[in-house]
Amino acid sequence: MYEFLNELLGNQILAMLLTAAVPLVFILLFTLFAVWLERKVSAHMQDRLGPMRVGWHGSLQLIADFLKILQKEAPVSLEADKPLYNFAPVLVFAGSFAAFAAIPFSSKLIGSEIELGLFYILAVSSFMVIGILMAGWSSNNKYSLLGAMRSAAQIVSYEIPTALVVLGMIMLTGTLSLTKISEMQTSSFWNWYILGGPGLSLSKFLLIPFMIIGFIIIYISTLAEVNRTPFDIPEAESELVAGYFTEYPGIKYAMFMLTEYANMFAVSAIVSILFFGGYQSPVGYLGNMLGIHWMIPFEQAFWFISKGLFFVFVQIWLRWTLPRLRVDQLMALCWKYLIPYAFLNLIIIGIISLL
Amino acid sequence: MGLLDKEFSEGNIVIAKVDDLFNWARLSSVWQLGFGLACCAIEMMATSAAHYDFDRFGVIPRNTPRQADAIIISGTVTLKMATRIKRLYEQMPDPKYIISMGSCANSGGPYWEHGYHVLKGVDRVIPVDVYVPGCPPRPEALFEGLLKLQEKIRNESMRKKTV
Amino acid sequence: MKTREEIFEILKAQFPDAVLGIDASLPTEPLISIDPLKIKDICVFLRDSEELKFDSLMLLSGVDDANGTKTKDEQGHDVITGGTLSVYYHLDSVYLKHRVTLKVSAPRENPDVESVSYVWRSADWHEREAFDLLGINFLNHPNLIRILMPYDWEGYPLRKDYKNPEFYLGMKVN
Amino acid sequence: MALKTERMVLNMGPQHPSTHGVLRLELEIEGELVTKVTPHIGYLHRCFEKHCEAMMYNQVVPYTDRMDYLASMYNNWGYALAVEKLCGIQVPERVEYIRVIMGELQRIASHAVAVGTFGLDIGAWTPFLYLFRDRERILTLFEMTCGARLLYNYIWVGGLSHDIHPDFVRMTREFLESFKPTVTEVNNLLSYNKIFIERTANIGVLPLDTAINYGCTGPTLRGSGLAYDLRRDDTYSIYNKFDFNVITGQGLQGTLGDTWDRYYVRVQEMLESVKIIEQALDQLPAEGDVQSAIPKRIKPPKGHVYTRVENPRGELGYFIISDGNTNPFRVKVRPPSFVHLEIMDDLTRGHLISDIMAILGSIDIVLGEVDR
């Protein structure tokens, strides 16, 4: 996208800024929509209606919330470590925002087409841990501290199964570029990696069960990485009040919220790129049929966002259905079950791909 | 008095419109502090639960005072608790609102005469915006209290209040 | 299962000095009166005896008997001097399904009663409550501090001659 | 040089989402491990006992409502029974039946809140709202009987404040039919949920002898395996006419007396209450004045009485001393939650912070009753 804008505008800085603005706007809009969706979905699951009064079925609710949050006073407790306290939400948000740079929304709409996309995302999303630890420590609140410690332990642990599954996919695809992985799964859902990837060889059929296992592992562990129920122990409402952002009012709290929802989409995007064809349509493109080729990137963006939203919806669904795990059980799940199975899966995928 | 203050004190179309927008945002998303005291807290829970659903008005409970806009004093305030309530109120960022729910919070309720350990009305400690009568108030009454609070917010202004 | 009279007989035989008497004239439940400083030994016996087996203390209630001489102070408030404060013990045997009520009375000016919190764990908080509201002093209690009222409250509110303070931490009480 | 280590003190409450009101727990923790729990109560001490001394016998009834506000009917009932015993009042049979129906409906409502908030403490939101939806229907039944949703002032000394509505029996039957599927739903969502079992089984084990020594009653005691229910073992009112089981913990998912057992006793007791109400509705005498035995002026003889009823939380006892006047000389309540809260330190030692919520939820306290 940067090249395209650079050609169009003839100004590198402007082009860069615009390229960066697209994901930012997307995150904002997506968060507004996702929080609304969360409230509506949870309400309908619980025999309630959810927001109804502000706009049609509460559609403006989040705009009102956001405007209100902007107006709030931002008191800082006297005992807080001010520089860290103020910097933490920015760092957390930066981590998740940076990840969006490498996510291909369509074949054209991508911030930076780097070859190491997958690696970059895994690396840059670890920023969050530092931010969360800073938030927990600097708030000078025991609940925040406990939440931050839990969160750091959780995110660091669950990155291992995620990375192991990703490693398997890299072995299979031979690339770290998210665009290339998406391109491999083109033209039909039959070519998605959840169904063994492109081609019609024996190994494709052998891969299917292990791909499904891999998908389940990565979905669970990314769920834990973004602190969603049943793994929301860092911000467990009934235990730690609000976890690491207990002390954050107003706009700083909004940044944590933005991060949470942006992360939800980011991990959903990664899952859909690795296993569900990324921005590729499952059935073929209307643009190809009609011969209007400029339509294809838009269709791709539509499919990508739909897939992302579907996984976000599943996350919401799980949140309002399941109870929460305890911190030691969370670790046990990761180290005793997910990591060994992920290793095993990795080895089997390696053997099959050698066939 | 600076130019800006003068502008604000007299009011004009721009301020009025911004006022409307901000007031609308504030009144549409009153986040309550998830905090129950006594019997009324159960009615407050019932108000948030499936049948009545406070979320329709954009009211959701936040458990930390830092992120809450309104505190519903739902029940008897005892002397031991009053200092804590005051502290919670002080921890909330402005703009903040208080709904006093039920007779006990309004005036001590049935405990006003012999209650040696009951604060006779929470307004002795913190300023109250809306009083909801009842022992306990029905969820509908709490809705009414919220609507009154929204009315109050709607008429607020950034302009300096004239004496 | 034993009636209260039978329990009284057993107790009287075991502790002739400490068991003061049984008040069977009351319309509903007979009361066994005990010496306040011997109550712990009797409770241990009641709990451990095979035929009684009072394994739980259901309720321990302090009562201001208000049986002293009543006078008025300058502001017209009642002041009681002399008389007694009492503690009632409602014991229950979960297995044998019989109950008994014990009563001890201690002088109002010096209300010392032996604690039974080592016999039944549930007595701990009940005794703290009786101390908090009536000022009954339980000897050998592990942690006899106020429980319901604030730790810095003055006076014992459930005494019949209790007078409210005007302010508490700057808040008007009445 | 030896390093000095210090335990962190975490102050939980009085404003905390899962302390069920204004309880304050002072936790001493080492990392996530809890080494000591000190409950601080009294934040809702509303001077009930002082009020009783200043009120006439019948005026005390509304104050009993406000003690255990989740089981107000039962509080009324316990007090009415005590005064009736003191004065020797015999209430009509129809009154007894209506009292049983109301009491058991109240038990369902109270257990619904207990189970729901327990789920909330574990992190499951949805069952809480399902149960509140059904509780709302019980409140509708109460409301059409006495006009109040939460604090009823319904069971008076010697009778009831109102007779039941003509539609009451039909609507109650309808409710009972629709309630049974909810219990199944709760079982599916919570009781047999793998995560829920992991969180609650083998947590906060309360051995039977400790429970008895602490004076635990109700579901907390029954969860430890002893079938002790005042409705059956020290029967009052007309409970001997009904056929119901006393539910006890079986240690199905872990150790006997753990958090899951106490929780599951409550779930099953809701179904037992349904059974009792169905029988009571069948046998309910058609005619009868519910106010015929209400005395004009209550002036009991000198004496004292202790009566106890099986409140949803355990043994609710009223100890009334009368000096022959129209006001009680002393009313002392035995609140089950007060006694149960005392076991917190024993139950929680050596558990993690998250378990504190599970244990606290499973003993189901109501702070209005703890502090009175």
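To keep things simple, chains are lettered A, B, C and D as they appear, and every chain counts its residues starting from 1.
In this section, a contact is a pair of C-beta atoms (placed from the backbone, for glycine too) under 8 Å apart; a residue touches a chain by one contact, two chains touch by 3 or more.
The structure displayed is predicted, hence computed values, not measured ones.
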Subject >> Of A-D and B-C, whichever chain pair has more C-beta contact pairs >> reply: A-D
Subject >> Chain separated most widely from chain C, comparing mean CA positions >> reply: A
**OP:** Mind checking the centre-to-centre distance between chain B and chain C? Centres are C-alpha means, answer in whole Å.
**Re:** 44
Original post:
Centre to centre, by mean C-alpha position, how many angstrom separate chain A and chain B?
Top reply: 36
Original post:
Just how far, in Å, is the C-alpha centre of chain C from the one of chain A?
Top reply: 63
Original post:
Touching two or more other chains, which residues of chain D qualify?
Top reply: 16-17, 42, 45, 47, 50, 129-130, 133
Subject >> Multi-partner residues of chain A (at least 2 other chains) >> reply: 46-48, 237, 241
Original post:
So which bits of chain C are touching at least two other chains?
Top reply: 148-150, 157
Original post:
Which of the chains are touching one another, listed as pairs?
Top reply: A-B, A-D, B-C, B-D, C-D
Original post:
Touching chain C in the complex: which residues of chain B?
Top reply: 79-80, 82-83, 116-117, 119-120, 124-125
**OP:** Write out the stretch or stretches of chain D touching chain B in their complex.
**Re:** 14-17, 21-22, 42-47, 50-51, 54, 62-63, 66, 69-70, 113, 128-130, 132-133, 135-136, 139, 149-151, 367-368
Subject >> chain B residues within the chain A interface of the complex >> reply: 21-22, 24-26, 28-29, 49-50, 53, 55-58, 60, 62-64, 66-67, 69, 91, 93-95
Subject >> Touching residues on chain A, where the partner in the complex is chain B >> reply: 39, 43, 46-54, 58, 60-61, 63-68, 71-75, 237, 241-242, 246-250, 253
Original post:
Okay, in this complex, where on chain C does chain D touch?
Top reply: 26-29, 31, 55-59, 61, 63-64, 88, 90, 94, 97, 101, 120-122, 124-125, 133, 146-150, 157-158, 160
